[in-house]
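Order of writing sets the chain letters: A, B, C, D, E, F, G and H. Residues in each chain are counted from 1.
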Amino acid sequence: MSYIDVLREAKDQVTPGMSACQGCGGELILRKALQIAGENTIIGIPPGCMAGAGVVGWNYANGLKIPVHIPLLDNSAAFFSGLSQMYQRKGRKDTNIVVLAGDGATADCGFQSLSAAAERGEKLLYICYDNEGYMNTGYQRSSTTTKGSRTSTTPIGSVVKGKTQQQKYVPLIIAMHNVEFCATASPSNMADFVAKVQKGLAASKNGFAYLHVFSPCPTGWGYAPDQGIEVARRAVKANMFPLWEMDRGEFKLNDENRKPITIAEFVKGIGKFKALSDEDIAAIQAMVDHRFEMLKRLAGK
Amino acid sequence: MSYIDVLREAKDQVTPGMSACQGCGGELILRKALQIAGENTIIGIPPGCMAGAGVVGWNYANGLKIPVHIPLLDNSAAFFSGLSQMYQRKGRKDTNIVVLAGDGATADCGFQSLSAAAERGEKLLYICYDNEGYMNTGYQRSSTTTKGSRTSTTPIGSVVKGKTQQQKYVPLIIAMHNVEFCATASPSNMADFVAKVQKGLAASKNGFAYLHVFSPCPTGWGYAPDQGIEVARRAVKANMFPLWEMDRGEFKLNDENRKPITIAEFVKGIGKFKALSDEDIAAIQAMVDHRFEMLKRLAGK
Amino acid sequence: MERQHVTPIGNDGMYVLDTASWRILRPVMDKSKCVECGMCLAYCPVGAIIGSADKKYTITYDYCKGCGVCAAECPRKAIDMKPEGGEK
Amino acid sequence: MERQHVTPIGNDGMYVLDTASWRILRPVMDKSKCVECGMCLAYCPVGAIIGSADKKYTITYDYCKGCGVCAAECPRKAIDMKPEGGEK
Amino acid sequence: MKEIRLHGRGGQGVVKASQLVVKAVVAGNYYGQFIPFFGVERKGSPVFGYLRISGHEIRRKMQVYDPDILVIMDDSLITMPETYDGLKQGGSIIINTTKSLEELNVPEQTGSVAAVDATGISEKLFGKNIPNTAVLGAFAKVSGLVDKDLLFDEIEKTFGAKNREAANIAYDQVKLIKE
Amino acid sequence: MKEIRLHGRGGQGVVKASQLVVKAVVAGNYYGQFIPFFGVERKGSPVFGYLRISGHEIRRKMQVYDPDILVIMDDSLITMPETYDGLKQGGSIIINTTKSLEELNVPEQTGSVAAVDATGISEKLFGKNIPNTAVLGAFAKVSGLVDKDLLFDEIEKTFGAKNREAANIAYDQVKLIKE
Amino acid sequence: MGTKKVLTGNYAAAEAAALCRPDLVAAYPITPQSSVVEHIAEMVNNGDLDAAMVQVESEHSAMSVVQGAAAGGGRVFTATSAQGLALMFEPYFRMSTLRLPMVMAIATREMTSPETVWSGQQDAISVRDAGWIQVFCESNQEIIDMVIQGYMIAEDQRVMIPVNVCYDGFYSSHLTEGIDLPTQEEVDQFLPPMAPDNHPVLDPNNPFALDPMTAGPLLMKYRKNHLEAMHRALDVIDEVDAKFAKAFGRSYGGAIEEYRCDDADIVLVTIGGMSGTGKDAVDIAREKGIKVGLIKLRFIRPFPAERIAKALSGKKAFCVIDRSVCFGWSQGPMYMETKAALADTDSKFCHFSAIGGLGGADISLQEMLDTIDYLEANKNEPGEKETRWFLKD
Amino acid sequence: MGTKKVLTGNYAAAEAAALCRPDLVAAYPITPQSSVVEHIAEMVNNGDLDAAMVQVESEHSAMSVVQGAAAGGGRVFTATSAQGLALMFEPYFRMSTLRLPMVMAIATREMTSPETVWSGQQDAISVRDAGWIQVFCESNQEIIDMVIQGYMIAEDQRVMIPVNVCYDGFYSSHLTEGIDLPTQEEVDQFLPPMAPDNHPVLDPNNPFALDPMTAGPLLMKYRKNHLEAMHRALDVIDEVDAKFAKAFGRSYGGAIEEYRCDDADIVLVTIGGMSGTGKDAVDIAREKGIKVGLIKLRFIRPFPAERIAKALSGKKAFCVIDRSVCFGWSQGPMYMETKAALADTDSKFCHFSAIGGLGGADISLQEMLDTIDYLEANKNEPGEKETRWFLKD
């Protein structure tokens, strides 16, 4: 089945009307991932936009069609480790145990819990939708926020302009954890995304699987709602968000991206980058080039 | 100055009589690192063997000659971030801010705090002495414990024999955090160790520096106290503990180790490994080979 | 005692927001331009585009938020964003 | 009020354990074999081996725990571990 | 003390508008208080807020149960039972609408209804529906609870001259469709 | 109830030895209790422990202040003031030593002193100084508080036959150097 | 005189903290506190506040970073709510027992579960036995004033205990009202910079070990000191209130505020933002001829037991209204503690606990009035009445 | 009848937990609790216990993993002390408010700072307002019995609240004594497996959202339910005690134990391991003709206020001995709460708080005897006397 066939045929597991903003990348990721996972799935969605948008629901009004729990911001991987262990023990190993968490829950507040579950090889699929900030609480900085970005805790001031650090690159960090499967994906590259969710689900039957997904956010980032896929596509093309996977230790670049666009091209028209200086852009470009070089090396190129 | 000259001339900053066991690798690392750091240093030593051995001292009997605090098991990097920030603010940037923490404090309980301080680029040198277990509380498993090891929470039972997971390889994980400097070191390779402490201290003036040191433990691991350096040397030679460094993004293998010894040779005579099966040994060997290959690729070899 | 902390699943009692009311622009598909590639379905964040077994794609308006992603992503420019009129 | 939570630094009031009493074997250096490489100093975990400015190395016994690392690591086998006698 | 309840949707600027009123009221040496009520703060979700204006210190920190005035920034909200709930006998409604009085279906006890096409004004001036400053213009005219100039100064300080214009237009256009 | 304080150094097996006594005492249908006292549990550091033996339930969970018996596994500890502290008038001391009574410098109130070269026995049998089982042998003989066979069975169960031998040798060798 | 401003409770906390010239601020966003951090970040990035701002990954680190900075001699600030407070509990406990002074704002929020982000005082109340001083504010003005007073109290050598300035999430944190914002000069005059040797500072120029292992007998003395310092703080609170009154013309009555209690038969005891509603209720009931007064608990750590007992002595009936619960008591925590404060009183009260406003629920004037009526009706029947839950249906 | 064994308190807890057939155990080592985990790991690795053992990286994850497993329908166990309890505070609070039943052992330990690893009950006491049931044990036998009873209480449909089985670090955790270990058959007969539908279990076969956002009015009902369940637990505790007595021949008197109180004038109130020492002191003082009794607080959440009031009614004097402090009260926490329990009593007591045994310090027989003497001497002078600190010098 082609990925389009998969997406056309599989049932939507999410309420038809949830309050994510127009054009929200997170909503797209959530719906598609759960379509693929299907009904025999238990999902955890920690505090963040997806939980906040009504998906975990309200008392007596639930936003999903499959069992869901909103764990703490900092314990998703641990909570679902325990749950997964119980499903192993019950002999129900076919049930998908999935976490869908924002970058804040993943890279920051819940990072230790995540790292430890990865290390223990817990059998679950952890998907991070990375919108580079704490959107649900009003777009504060996260560790994955790109350098120079305007956020509500790194505002463009007269003295300091935006975030001062480079982003923390969680997928490569997790790939260094001896996990079964680790990959990046972007909604702009939907065939790749679908394949990786499928691989991730399969890998989660043998150990820890991690998928880091670029999640454009029109509201926080400041671009028109119809541009999300294009922004994601540019991120991939600029190597801001390279696509790769690691399957039981073997790295593979999904796209060698022989003619990358520049960071200057990538950031154009995105509000959060509007105060980037030339030095900022150069610094991001250098980081991105260096990182891509590292990925190529890891993939044996 | 040769490293021997450095070690001969620099003052010992530690009490002459501390209660670390005979032949403790941690004591050696602590003394040598602090000799190099010198008097203008503030050190944090979280709960663990080094703190427990009297180094942080007792009320009205202190084990160091420089200012020291025992932070929580889980917040060393954060606490010393705050302290470092104050020293930046006071204009006393020459003061060394050093954390010396066990693998438990580093890789497990304090890992999130560490990862976040690395991401923020806090100006400090974080040294992990990795004895692959929680020695101070009676040698329980840590995430850095080698697969198959006997510990008091992964005993050699009739059904399960020792630790079931591979070790978490913290140095490479931290190297993926955009830090100034990250390296591994072993007391068996003292010249390299001394140079890396020096580099780490220098790098900590510009950003986050991390040093991961192999720390043999006769008591926990079960080998004769005089064999610690030899055990460390074998670990390096078997690529169980390869020596490398990453300086502002550039990886370098300090020793290409063209004729590695096998894991089977490495584990010989070490009590904690006594129940290793052939499969365990093969699994560790495979992990080690794969990891070394990855390091070589990163170093552009 | 009533069971606590639990919300049943299913269409009954489901949380559903009338997101159609957010729409200012309305995606309108020009079937004549459409090549049935399915991109609009793949990229619609809301799941508002459905495909039939014979791969015909249709925009449903009950929850479409009017974001315009489908229009932007259609390789044939077969979808137009038109101001919401009275019709629904 | 006396200052709390603080222990002064310095030899005064320093925590010092009599680790010499742990020693069952005693490292004895044979100066005639020694080539003054300093390895013993580099590897002694206790800091019990000192080197003078002219690079002569001496074992001090006040805190030496008798671990035997120096003996094991001396490239010239110039250090022997001998059972502790009455002497000190 | 006058108690006012404001209704709008996430993104329409209910909170900002109310804060401007409090600023203007305080600038005029009166007392003002605003408490937003949060369900979800997300775009499109209904948002409430409680505004109090008084000549004396306002001590109570609680919701408004029987508002003297309802300010409704989005007339699609009138189908929700909460919207008209509790309006005081003879209370007034200020609403952003082009609907007729009939269509508004106001509750029996309603005293007066003032209507303004704030959306129209906003869309004309800004090209999008952020009706809050225009509604404030209507509020200044109809409620008599806040000094027009002080309020419009605050609007200008926060949102710029164009929004003052919006308020001004609304001030002129607002119509009592029930008195 | 008899109260006993044990002294040794980290690594000498004070805790294990005391637990064996409790086991033997309980097996003999008496009551026993042992509480170790922790400074640092590290090799070479002084370690204390409190042992109680009684015909009745032992309810108090507290330190022993005035021991009836002192068991000292390492005679280097006698220079520490804590070691002899609080010994009851006429109380006894069981000590692992080759020193003379004089050198032991026991306190005035001491009743009897029993000496055994447990280190010697241990080094002979095991090649290292783990004197605990030998000291237990001496304790069984001198204290009369525990059934020899039950205790030696426990020793054998936990540590093997060689340690029973150590206990046996000590049982035979222990000497009252003060009565 | 300061400047008239219109601010939310969170902005009030942020502005006040900035006026105290903190060296370092580390905080993690959480509803309803987030705008405190955001506003401080804004001031820092605009150069209006010269402080290090550390963007931590969790509240555990927030408290740890400020702890390290305090141990480096800095004046520090943070703010949090609910889950964040719970996550930082370990370093939070250590901060107070290390006796490092600081101020932390808490925009109080109900604790999950049930999953919630709304108001309630359960967060601060549940950690009241972790050694901090805790004060609850009624108005945005009080938030400002207590942040400033908080540093003076915390850093007083007789005290040396960090201070929580608590205020109701949403009902205060998001409430906008007019306040008088002291000027920087006024605050500088009132609050001196922290003395360099105010507490042990890690420094190679004066080396020592900070907080080494401490045996029980000595530890007990430290604890006793802590409790004594808490007790002394009751006086310091009054002193600082008086000094503040002199400097700024506003005072709060110290650890508790008594409102129309003098001739009252019955008393409402309140805490935080509900107190204003309570005062309105008292005035209304007074007009009906009911002799009712109100005690506002301001500081709950130290617990002003003597003052409460004195204020209630001779009264006939009282009700303590809690915005939190005391698990295992079927009552509110401040009610339970108020009873403990009355152990040796001679009065025989009619008394009961009321619990309301959890998880964002409102505490309305009507509920206050009903409670007063009930007290009035039962004032002559001593003994504990059933707990009153302010449930809506 | 079970088997006679000689065990430390920690081994007792581990053996008892194993007898309850947990599905999953996740715990993190910490002194003085570590040997609980170690012993369980040993049983699992030897195939003596069929349970999943998850080796977590922190206590925060320990509580989170067991929470997830409980939400998956498992019976779970963990154990901790001091800093570990503090670190897990956030998921700990959620466990009880999610109403997921389980048992957690706490080998109590003093809280840092000052830096310490020794005994003290501050850890468990400081989190007593986080919704758990808490019971304190005196002996190793009681530890075993309460772990087993704990599951039955926690899983009772009228309760559904997790239970902390607390015992003194070192003074119990490391104390070796003889106990009677029930056999597996006996426990199986006493404690049924958890009913599959005992609480909401996340399962695609019966899908629902667990703990969605909950508005205040509904949340308040949940809280009220929780408090009512706590109150009901007082009865369940008695019931289970009686059932246990029938099955095993041992009973503990429910929420409190009264020792020689009947004709007593003066009473010591104790908690945990010190109770045994207190009983010895009572016997000794009785021989001197002092009419003294002892109340052992066993369950402190729910707080058995009525039973305490009843037990003290008619007495002349009492002292509550706490192994922890209540910051801001200059007193011990159980003393403070005991006073609250006596709000409506008619007696005029002589009473005071005693605090001892912090940070590993001993609570000696002598201190108990001195306290009794002091009570006896002052029994006819009603009112609160100064707090007694059991300081060694």
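Here, a contact is a pair of C-beta atoms (placed from the backbone, for glycine too) under 8 Å apart; a residue touches a chain by one contact, two chains touch by 3 or more.
Just so we're clear, the structure is a prediction, and the values are computed from it rather than from any experiment.
From chain A, count the fewest steps through touching chains until chain F is reached.
2
Which chain has its C-alpha centroid at the greatest distance from the C-alpha centroid of chain D?
So the chain farthest away from chain D turns out to be E.
Taking each chain's centre as the mean of its Cα atoms, which chain lies farthest from chain F?
Between chain F and every other chain, the largest centroid distance is to E.
Which chain pair has the highest count of C-beta pairs that touch?
Counting C-beta pairs in contact per chain pair, the top pair is G-H.
Approximately how many whole Å separate the CA-defined centres of chain C and chain G?
Distance between chain centres: 49 Å.
Centre to centre, by mean C-alpha position, how many angstrom separate chain C and chain E?
A distance of 33 Å separates the two centres.
Measure off the straight-line distance from the CA centroid of chain B to the CA centroid of chain G, and report it in whole Å.
Taking the mean C-alpha position of each chain, the two centres sit 43 Å apart.
Of all residues in chain F, which are in touch with two or more distinct other chains?
Expected reply: 43-45.
Two-or-more-chain contact residues of chain G, please, as numbers and ranges.
Those would be 55, 57-58, 60, 83, 87, 90, 94, 98, 112-115, 117-118, 207-215, 218, 222, 360, 362.
Out of chain D, which residues touch more than one other chain, so two or more?
4-5, 7-10, 17, 19, 22, in rising order.
Looking at the complex, which residues from chain D come into contact with chain G?
1, 3-10
What residues on chain D touch chain B, complex-wise?
Per the touch definition, chain D meets chain B at residues 7-10, 13-20, 22, 37-38, 41-47, 50-51, 55, 62-63, 65-69, 71-73, 81.
Could you please specify the touching residues of chain G with respect to chain E in the complex?
Listed in rising order, the residues of chain G that touch chain E are 4, 6, 8, 117-118, 138-139, 168, 170-172, 174-178, 273-277, 279-280, 360, 362-366.
What residues of chain F sit close enough to touch chain D in their complex?
Residues in contact with chain D: 43-45, 76, 129.
What residues on chain D touch chain F, complex-wise?
17, 19, 21-22, 24
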